[in-house]
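By letter and in written order, the chains are A, B, C and D; residue numbering begins at 1 in each of them.
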Amino acid sequence: MTRKAGVIGMGHVGSTVAYYMVTSGLVDDLVLIDSNELKVNADATDYQDAMANLNYHTNVTVNDYSALADADVVVSAVGKIDLQEDNEKHDRFVELPFTKHAVYEVAAKLKEVGFNGVLIDITNPCDVITSLYHEFTGLPYNQVLGTGTLLDSSRMRRAVAAELEVDPRSISGYNLGEHGNSQFTAWSTVRVLGEPVAEVAAKRGLDLAKLDEDARAGGYTVYHGKHYTNYGVASAAVRLAATVLSDAHTELPVSNYHEEYGTYLSYPAIVGRQGVVEKAHLSLTADEETKLQQSAYYIKTRYEDTLAELTNQQPNRISNTSLS
Amino acid sequence: MTRKAGVIGMGHVGSTVAYYMVTSGLVDDLVLIDSNELKVNADATDYQDAMANLNYHTNVTVNDYSALADADVVVSAVGKIDLQEDNEKHDRFVELPFTKHAVYEVAAKLKEVGFNGVLIDITNPCDVITSLYHEFTGLPYNQVLGTGTLLDSSRMRRAVAAELEVDPRSISGYNLGEHGNSQFTAWSTVRVLGEPVAEVAAKRGLDLAKLDEDARAGGYTVYHGKHYTNYGVASAAVRLAATVLSDAHTELPVSNYHEEYGTYLSYPAIVGRQGVVEKAHLSLTADEETKLQQSAYYIKTRYEDTLAELTNQQPNRISNTSLS
Amino acid sequence: MTRKAGVIGMGHVGSTVAYYMVTSGLVDDLVLIDSNELKVNADATDYQDAMANLNYHTNVTVNDYSALADADVVVSAVGKIDLQEDNEKHDRFVELPFTKHAVYEVAAKLKEVGFNGVLIDITNPCDVITSLYHEFTGLPYNQVLGTGTLLDSSRMRRAVAAELEVDPRSISGYNLGEHGNSQFTAWSTVRVLGEPVAEVAAKRGLDLAKLDEDARAGGYTVYHGKHYTNYGVASAAVRLAATVLSDAHTELPVSNYHEEYGTYLSYPAIVGRQGVVEKAHLSLTADEETKLQQSAYYIKTRYEDTLAELTNQQPNRISNTSLS
Amino acid sequence: MTRKAGVIGMGHVGSTVAYYMVTSGLVDDLVLIDSNELKVNADATDYQDAMANLNYHTNVTVNDYSALADADVVVSAVGKIDLQEDNEKHDRFVELPFTKHAVYEVAAKLKEVGFNGVLIDITNPCDVITSLYHEFTGLPYNQVLGTGTLLDSSRMRRAVAAELEVDPRSISGYNLGEHGNSQFTAWSTVRVLGEPVAEVAAKRGLDLAKLDEDARAGGYTVYHGKHYTNYGVASAAVRLAATVLSDAHTELPVSNYHEEYGTYLSYPAIVGRQGVVEKAHLSLTADEETKLQQSAYYIKTRYEDTLAELTNQQPNRISNTSLS
């Protein structure tokens, strides 16, 4: 029935997601949504101005939620990066006062049109917003995902790769937890050159703490250099969308719901057409397990607070019984 | 020897060119240059943060002109789009006071490192800047090209395609002349559905003047909606770069030097590894020929004025005898 | 709902079609059908042995017609190339005694499972077999296509391109009629370097008849060198499938039904998700028009003879009222 | 300087390698070599007949060794699969009496033209032939590689993936040693779902020996179903070529020289533009280490015997001092 995707929020990230989709022929139908009509029409026309010179054809629709009824995948890139301007700690929660309302509306509209595909959330704070999307769309947990630490993991892999002069795709391993300040590299999961990274580090005098710092610093380099970040996260989202579309059952560290932690958080999952189809099981160290629990707790409490606030404002919201 | 490209100027357009190259695996080595160190490093890191999730690997180098010595192709995307802010007529010449100095410097550096590949200019005003690049790099005419009306032609094809519900790639034909206000659609060259567009228009009551307007209006929609345009022109530039790299000998309407008009202007040329390897010959109508001459004259005089200004400022510039 | 394609007949051509689909990530679900169980399982396993090294994931199903019920596109590559061995005239009709029965069966099974996508026929003799597919599947004309002279046109474009050292994609124009001995290059439709090919030929002393011969001779070179042809025709079929999947509305010379000639024959059509969505209108020369009518008559009579034979054998066939 | 590759030996495998390269736009210049002039010209023409319908342009040259002087990568797919016909044990050494002479000639010609890129050997018996290529081309060890167990590893990953319903790309781990009967899965290196495969197997009652058997049986399914295998191995070779071209530094289990074993054998290496740029270090079990030594010994002795035979026949061969 051909591939259909939606991108909601055409800022730096959403428009980059859409451009990558258009240039790579990933989807046949692409639905772009943004409350800024001028911007979304500008991008749509700009993609169409590219079509005569591209290898693939994509049909672009603008601001029509009903077109998402039969979409395979919807990417939420709603955001307000300006809110980060004076945010020295780079806490992604500064965007929440804006994004929580935005996703409430988006979710309601997706629910209204009967969207039943996979929702991929990039909007920050990623894990809380992904939780809200689950709550407000009424979609089952497995169909609502966040890009989460798929980006943090690539940053870690980039840092390790640069140090060892190895393709980042040949570094395996994960950053876990919140896509935010409480995330951490689970070094016990990282392998390179055939060995656990700790062994390589010992032989070569690598400082893992410094690599962790490099990975984070990279994100700041990007943000400070241009006041937003887009290419890394958009690439992660498109990879995730491609994984869903082709039902590839690829293992990816994305934000997904974990009953044992009672929250969405990033942990490797097997992703296919139904979203999360299975979960990996990592043998973390005690320290990593503690960090993960702390990160989970942080997300969970922030989510509960946010949900309470939102539902007080919206007391007639139909209870989503699947949350219990 | 693997494919090496440079992108000079990492604004909206240059960074999009580089992202498309990175996601499509077009080049092996990518050299990014920008006087804004923070921005170019931000983009480079952002691409590298994407690498673990991409299908292709690209080696990225930042702000090293010497790395361009053996580049196959360099794309100039230097610009200062802010200069367009209060420019109601959308005249690309408002950028010239900035860009003419910028390209003088860029050209000098390319010459200094011995760059001998194909230079693709996107920087506006495109035809004048392409002429300046030819003059200041000392490269032969065929190795210096501008994206020119490759973009205007795709806009025209987009407009015709939308009206007739046909793939823009199945509309043939060209916009010619200046990539600017004097460009025009050479309707006599446009074919669709097996026929000259005029015949299709006659049968279906299409108004070609209106389509021309739609094509232009699209550009304004893009610019007004986001204060820059990037996806259409970046896609044109990447297609052109791919054509050069694969020595494809594809016919494309790009800005290239025409001795009979004494200037660079857009007219279909056969493009390969050496840049322009041959030129098409169109049987234009008398009216179209007049428009082309007017457009040529406009470019030529603006170029001569600009060159005079620049060389007065730089009287010791070594004369480029190939210009005659 | 993701992209699903079927390939029926896993000989040299069908397996190449499937491989191109798998390596390019064109489809999510690929259903392979062949009466030779060993061969189709061999190819399926071979593709799966490739998957760990590919950029895309494809789910492969073997010999399950029911999986085609919701396929977007099915490619028929059923054939028996051995029948060509002693066929000096290279008449594709030598395969008919085998293929006519094969497609009768295939069509019945597609009908039985309720396939309602677009059927792309490569099986030879292409136009007669495409007609039979239309008849026996009960699908509307627009949903049944043959690759037809999309291949002959690329051979012509290859020959002209080689002579002029131009990208074959920059040669426009068509071979028309039967994908067989009565096909011809409609030189009046061929354009290159901005001009009708006849003008280029006149200027440069090209002999169009010789180019025609080169185009045909190429096919013989391929067949004689390996006793089958696969890459050219498979590439044409995959392009056609991609055009259908993305609803691109691309103009392609494929075998499609023409009421005025009362038969399937190759003539440029606009192809999208519903198959043929519109037809081009060429201004052929009188001579070309005559050739096209002769080619049409040849296909039509061969088709009628074949249908009569088959229906005598199968007198209880449900009449397809859409044929009238 | 654009990407140039050669494919030597245009049988089932070589022609598939070339087709994948052509359809994916991997290289700009492709040089095809085969002693069967009719076959290589047939394939070259068939690719060219595809070009008008492809997304990329590739320049194809036939049977010109001198064109390989500046090639980045050459793939050897010389073989004589017919020799396998009555080979019940599927020992790849049955091809050696033919291939050893063939590669001697090929190597001499590559040396003569001064080829100094990376040579990727698919020709069987892979490790012995790769060793011969090293010996006879005079290229340094790092520039001569064999696809080796990159294929066996994908077969293992395919088998594990099928059992666990996980993307084969999400199974890590290696088959090691000879690309032949003495190869083995180093199960201690295999990880899936976040854990060592042994733990997953224990939990789910998987029988690793059976999976090993499935992986091998897959190869037989392919061979018995069509009397050759091509898609899996061609995909491995193209991935390897792409890794070299983009200098990706990807970790791949390929046949490379190991001083400690005194022979070529498959073991994960980091591959880039110079071929092998670094080697992984696996912590194998004692049993795996023994199997690897046995496999190494087998390759080494077969290679020494073969070399002795060939050099007796060719006593004036110039000694390759880099071997010592």
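Some notes on this structure:
In this text, contacts are C-beta pairs under 8 Å (C-beta built on N, C-alpha and C of every residue); 3 or more make two chains touch, one makes a residue touch a chain.
The chain list, named the UniProt way, goes like this: A, B, C, D = L-2-hydroxyisocaproate dehydrogenase.
Please read all numbers here as calculations on a predicted model, not as lab measurements.
A count of contacting C-beta pairs for C-D and for A-C identifies C-D as the more extensively joined pair.
Look at where the CA atoms of subunit C average out and do the same for subunit D: the two points lie 35 Å apart.
Per-chain Cα centroids separate subunit A from subunit C by 42 Å. Counting partners per residue, subunit D has 57, 161, 167, 169, 243, 248-250 as the residues that reach two or more other chains. Viewed as a contact network, the protein chains are fully connected, with every chain touching every other. Considering their complex, residues 1-4, 25, 28-29, 56-59, 70, 72, 242-243, 245-250, 273 of subunit A touch subunit C. Interface residues of subunit B, counted against subunit A in their complex, comprise 15-16, 19-20, 22-24, 38-43, 45-54, 57, 150-151, 153-155, 157-158, 161-162, 167-169, 171, 218-219, 221-226, 229-236, 238-239. Interface residues of subunit D, counted against subunit A in their complex, comprise 55, 161, 165-167, 169-170, 172, 189, 191-195, 243, 248-251, 268, 270, 277-283.
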